[in-house]
Each structure stands twice: as C-alpha cells, then as structure tokens.
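Pasting the structures in now, so scroll down.
Presented sequentially are two complexes of chain A, the first with chain B as partner and the second with chain C.
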Partner chain A sequence: TRVSSDGKPAKFQPPPKPVIIDKQKQREERRFLSPEFIPPRGRTDPLKFYIERKDMIQRRKVFNIPEFYVGHILAVTAADPYANDKASRFVGICIQRGGKGLGATFVLRNVIEDQGVEICYELYNPRIQAIEVLKLEKRLDDNLMYLRDALPEYSTFDVNMKPVSRLDHDEIPVNKLQVRMKPKPWSKRWERPKYNIKGIKFELPEKKMKEAQKWSQPWLEFDMLREYDTSKIEEKIWKEVSEELKK
Partner chain B sequence: QGLLRRSVSHSFLSFASITGACQAIQKLTRVRVVDNSTLGNTPYHRPPKCIHVYNKTGVGKVGDKILLAIKGEKKKALIVGHKMPGPSMTPRFDSNNVVLIEDNGNPVGTRIKTPIPYILRRRGEYSKVLAIARNFV
Partner chain C sequence: MMPIWTKSGKKHAVTLLKVQDCHVLRYISKEESGGKTSKLLVGGKNASPFSKSESAMEIFKEAGVPRKQKVTTFNVTDDALIKPGSTPLYAAHFRPGQFVDVTAKTIGKGFQGVMKRWGFKGQPASHGQTKTHRRPGAISTNKASKVYRGKKMPGKMGNIYRTSFGLKVWRINTKHDIIYVNGSVPGHTNCLVKVRDSKLPTCKDSNKNPPFPTFFADGDEKLPEDLYDEDVFQFTDPSVTYA
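For the complex of A and B:
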C-alpha cells in the first residue's frame, strides 16, 4: 500500500471520468422560443414583461410545456370538477396560438360524431395537467381558422390515436396539404389576400379570384411604421429563459 | 330576383348559416335538435326556431331553457352548445345544439349522440338529460 508523506495510507483517488462529447447534440441545438415570450410592440414598461416571464419560467419548471406549432395534433388533460375522474381529455389539431405572456392561449379543434368542437386552452392555466404532442407537423399557414369552413374530414382526428414517434430531432415536417372547402358562404372570405392563405385548394372561378385581388394592399409589406424586428429581443429573451430553465 | 332565401332544413347534416354567429341563442335563432326524438328528427319545411329564452336577459347560453317552435308546436328545450365562444377551457360547437325537454325537466328523446359539455353537471336538475348522453367534452 502506498504511504503518503504524512505516514498515513493515501486516500483512494478515483480515476478521472471520461468526457463524452455527443456530436449529434453539438451539431445543432435547436432554439425554439415560444411566441408568447416575445413582448408586443408598445410603450409598456419592460419590467412588466420581465416579471411575467419570471412567472412563466416558474410554471414551466413545474409543468413541462412541449414545443408545438400550429398544425400539431395535441392531447390535453385538464382538471374539471364536473367530469368523471375529475379530469377531461381532449384531442385536437392546434388551429391558432394567441395571446402574450401568461394569458397565452391555443385553440384545439376536432370533429366528434359529426359535430365540430373547438376548445381554447390557456397554456399557463394551473388546471391543465398534461399536454402531449401526438403528431408533429407544421402546416403552410400560421392560422388554420379556415378548417371551420373546410370539409369535416380534414378536422377529424382519432381520440385514441397513439403518439407518432419521431427519430429526427432536428426538423419538423411541413405538411403541404391543400384543403378542400365546403361550398360558399364561408365565415370569412378566405380567398382575399388579407388572410394570405396557402393551404386551401380554391375551386372558385377565375373571375372571383381576380375580384378578390382588388382588396390586396401591396404597399403593406413596405410600410416602415409597421415593422417590428424581433430578432434582437428574441436573442436576449432566449438567453435569459434558457439560463433560468437550466437552474 | 328579390331576396332568394335558401330554406335551411335541419335534416341536412351541413348546417349552412346565412347569418354569422350572433350573441349565442336568442329569439328567432335556428337551432339543431341533437337527441333522437321523433319531433326533433322528422323533416319539416321550416327549421326549429327559438321563440323565448327563460332568462333575465334574452340571450341563452349553455344550460339555459328556451321555448322552441317545431312543426307548428311549442316545446321547451335545453341549450347544450352554441357557436359563440364562451369562457376559456369550455368547448365551442360548430352549431347551436339543443335537447328537447318536457316542462318538468324530463328529456323527450332517449339518446344523445353529440358531445355534451361537462359544465351542465353544475345544475343538478339536468341529471336526466346527462344520463342519456353518450359523449362528453
């Protein structure tokens, strides 16, 4: 046995741990910042958004909110005092994500027994017990409200659907599905350029499509007062949020 | 030509509405009867319409009783879902759904296939309607 300079037997020194470099993770750490973290343009004090962000991060530490976009199929279990087992589960496609800060909402749509049902859930509501992403796929648009006027087959999703497994952790597939609509009238005139919808297969006559272009406002994209560049704000908030979440 | 009003019969599955969504259910709204009663399902040339809402305000939400005019008769009904968005975490349906009911609260039909919101359980007087419902949302 080794004897140290003191005369007592030397303490066992474990060998240094091998450092494993995971090259896959190093390749691209995908940064996804949920859209409700980005503050809206206005003259409110940034302190208000900072305090809200702290509360949002606190909630995210306790309850995992997965990354999801419009077009994903989610299953949400929420606590309900009036339901059997006190919990109700709803499966649906996310058609819209709205609100900023703690009031951020997302609307799920499904067609059950030929009846279209939409539920607007609040992301940070403590009544929500679990959010599972069943199918990851982005759509061509940010807002799928036109599914209300589309044929019901495009909004039906099986309630007992199993989560589709994903091997690639890098890219989310974009579904370039062109949806067929019910005959007009629709709840909104989706053919107008104001909505800028790419995911509908318009079977309207050419005359109607040209007439809809009368309402186009091509000067809007060049309007400088409407510009809101969020890249720098996003960088700052992303650093802040990821540091807090790692703690 | 004048005003060509399409006759919207409740026997069609696709509910084509001429007016947009108004403030939930009030007088003269066309509704859709969802139970399997004969009165609600036999086709008629006029859709069932609401003629009175038993409420302080004339606007009916989920769980309110209304008076319906079906096939030339007056019948009470219970609202089980409307097109207007309600409080968050509650479902919003694509059509104004209604279940036919007697004066004492007993449902006329024997089965309800369409989903019913859980909030109806709050008032204990509708337990008989909830007992015949199959799906809940």
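For the complex of A and C:
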C-alpha cells in the first residue's frame, strides 16, 4: 500500500469524473410559433393584431395550449352544460387548423362505433378545460380532409389511449403513411394537383391520373403577387410572444 | 372583428372602433340652427391642412385644432355642452353596458343591376329565355300608364350613410382608445364612423349613468387600462365551468 508523506495510508482518491458535453442541448432551441399568431395579408391596422395578440398571450398564461401540428392525436376536455359530468372528453386526430387570431380553430376526427365524428374546437374558447397531446407525429400534408374518403381504419383511434411518452427531441417524427381510399366518388377530387396531396396511395388507372393533371396550374408558383413572405413578421412576433410568456 | 366570450360560455362577434384625435370644433345654439336642441360640431381624425381652401379651414383655426378628416354634428342638450377647442374626446366617454348607434358610409359597389341592388329574382337560366336572365321584367301596369317615382331600377349602389342601431358596448381600452361594439358596423375596414348614444326606447334604461358631459383625461378619475362589461369573460380568469 502506498504511504503518503505523513506516514499514514493514503485515502482512496476516485478518478476525476469525465465531463460530458451534450451537443443536443447546445443546438438552438426549436422555435415554434403557433400559426394563428401570423396576421393575414390585408389592409387592417397592425394595432388590431397587437391587441388581439395581447389577449391570446393572456389566455396562454392561464391555460396551457401545447404545440401541435396537423396529424397529432389530441384529447380535449370541454365544459358542457348538458353532459352528466358537465365535461366532455373527445379524442381524435387533428385534420385541419384554421382561422387567425382569437378565432383560431382545429378539427378533430375519430370514428366511434362505426360512425365518423368530426368536432371543430376553438383554441381560445374559455369552455375548453384541457388539451393533451397523446401522440406526436406530423403527416405529409397540412390538411387531412381526405381521411373522410379513406377507409375508416385510418381514422379510428382508441378513446382511452395512453399518451405516448416522448423525450424532448428536437424533431417531430413525420409519418410517411400512404392512406388507402374507399372507391370513388369522393367528396372532393383529391387526385387533382390543386390539393397537392402526398399522403394517398392512388390506385386509379394511369389514364385518370394523367387526366387529373389537365387541371394543374404551373404558373401559380411563379405568381409574384401571391407571395407572402412571413419570415420577418414571424421573427418579430416570436420574440414578442416568447418574452411575454416568460414573464 | 373579433370573437368575445361571456361568462356563460356564449360567443359574440365584436367590431373594434378606434377614437382617433376627436375634438369639439364649434357650438351652434338652438336659435342659430333652428332645431329643438343645440348642436356641437365634432371633428375626427387629423389630416393635412394643405388640400382645403382658406374658408373651410376657418372653423379649425377658430377652435385651434389641426384639420380633421371628418366633421359631424351631434344634437346635445344644454346641460351637456363642451367648450370647443382644446379638450379632446376619448373612448372612455362610453362605458361597457351602454347601447350605441353607429353611422358610416357603406362600401361602394358602383353601378349594379337590379338583382344585386334590390334582390329581384331575375329569370330562369334555360327553358327558352332569350337574352333575359337578370333583367327587372315589368316596371309598371297598363292602367297606371306611367312609371312611379322611386321605382327600383339599376343604379349606383353603396357609398351612402347607414346606421346600425342598438349595438352593445362590451369593452373599452382606455390606453389605445378602442371601443368594442357588438355585431357588425357599416363601412369598410379603417373607415370613419360616427358613434352616438342609442335612441331606441328599449335602450333608455342602460344609458342612465354615462360620464357627464364627457370623460376628461386630466381630471381626478384614473381608469384602469381595460374596462369590461360584467358579463364578459376576461382572459385572466380560469376556464369556464358549469357547476
């Protein structure tokens, strides 16, 4: 055994702990600005949007609205004067997020006992008691209205589903599911290029697909008057909103 | 226009009106105007003085106020007169729970046909109609042998003054001078609008205790930034529940 300079046996010194530099945390925090904060293009006074944003931030401070996209599976509990418990809970997949400002809405779809049900909730309605995200996954499209014409198995979700645990990764997984459809006629002609749907497995003959391309408008992407660059507006609003929410 | 929720969970649509640099311009006495009550001329938003003639600018010079875009008259009783000139009018002149009439020029639609202007049914699209689908049809009878005055015919539609009556005031923002008024209001976005206490007989009770003659900013009253009606759900409260 080693003997130190005092003459007594030296105490065991453990080796120094290795310093772990977590590169994930050093990467920038993901910025998510809910789409209803971005003002639409128009001739309205920006003061109106500023006042609306103040109200929205005020509501978010009291009630937590989680970050979610189209394709997530959500459970919403809303106050209902006619229900037994005075509260109703609905689980469904978010197929559409519409509206700007305080009137922002999202539509949840589910199939309950072979009956398709869609409920449109308002994000800032005071009757909503809780919004929980049960499963996070983005889909290939922004608008999943085609699920109405898809086979019902793609819209059924268990009402008592447990929330899928997820670490705080930076990326939300994209589900590249190709949905199979019921036979035609559909509510809308989803094969046409104006809807630009990537999430359907079209089992139509080649001739029909070519005929659908007749309605394509390739000049639309070059139209300069339709351009609405929101990057700078988003930056400003993101700073404002995040500062207010931290207070 | 914005949604607003009450404490019972009902949603109402609300229009935002901003009070921008309003000043009293002139006092016209009962005898001078020839009406039943005396009048007060009130001017709205500030505008450039260079595009108007000298004679038109006299009113503003007398009051000592920059040129206003719009000037309207209000019939006022003698005990509610305000001295013209320096005192500005604010949104806190109105209080939540009051009822209000809003007048403005409607959106101009130009020269319009009889179906859009007066709501005529027109003619069927097919079954042998020759060149007649949106026409007025007959304009008078045989016995009359003339067309009556005021016959509904195509012409310029819109761009006329119209009033919506009995609109409830839900909320007032004193910092930015904004009035939240129930329902819709005539006119396009950012147009000039005249807001007046309601004359409807059913609304007389709610207009009992207004700030009289008006709200003075340099007076003793210090109002909070937001004034809400008692039914309005404020976003600082927790979510609505039914017990």
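Quick notes on this structure:
Simple rule for what comes next: the second predicted complex is superposed on the first by the 220 of 247 C-alpha atoms of A that agree within 3 Å, B and C clash if a C-alpha of one lies under 4 Å from a C-alpha of the other, contacts with A are read in each partner's own complex, and residues count from 1 in each chain.
Rule of thumb we're sticking to: contacts are C-beta pairs under 8 Å (C-beta built on N, C-alpha and C of every residue); 3 or more make two chains touch, one makes a residue touch a chain.
Treat the numbers as computed from the prediction; the structure is a model and nothing was measured.
Overlaying the two complexes via chain A leaves chain B and chain C side by side, clear of any clash. Applying the stated contact rule after C-alpha superposition, one finds that A:Asp80 touches each of chain B and chain C.
When the shared chain is aligned, chain B and chain C each come close enough to touch A:Arg127.
When the shared chain is aligned, no partner comes close enough to touch A:Tyr69: not chain B, not chain C.
By the touch criterion defined above, A:Gly101 reaches chain C but does not reach chain B. Once the two complexes are overlaid on the shared chain, A:Gly116 sits against chain B while remaining clear of chain C. Contacts of A:Gln58 after superposition on the shared chain: chain C is touched, whereas chain B is not.
Contacts of A:Phe202 after superposition on the shared chain: neither chain B nor chain C is touched. Of the two partner chains placed by superposition, A:Trp186 touches none, neither chain B nor chain C. Remark: least CA distance from chain B to chain C after fitting both complexes onto chain A is 10 Å.
Within chain A, the residues touching chain B in one complex and chain C in the other are 80, 122, 125, 127.
Residues of chain A touching chain C in their complex: 42-45, 47-48, 51-52, 55, 58-59, 62-63, 79-81, 86-87, 101-103, 122, 124-129. Remark: chain B residues 13-14, 16, 18, 20-21, 34, 81, 85, 88-95, 97, 113-115, 118-122, 135-137 touch chain A in the complex.
The touching residues of chain A, when paired with chain B in their complex, are 78, 80, 82-83, 88, 90, 105, 112-122, 125, 127, 148, 182-183, 185, 187. Listing the residues of chain C that touch chain A in their complex gives 2-3, 5, 9, 11, 16, 18, 173, 176, 178, 189-190, 233, 235-243.
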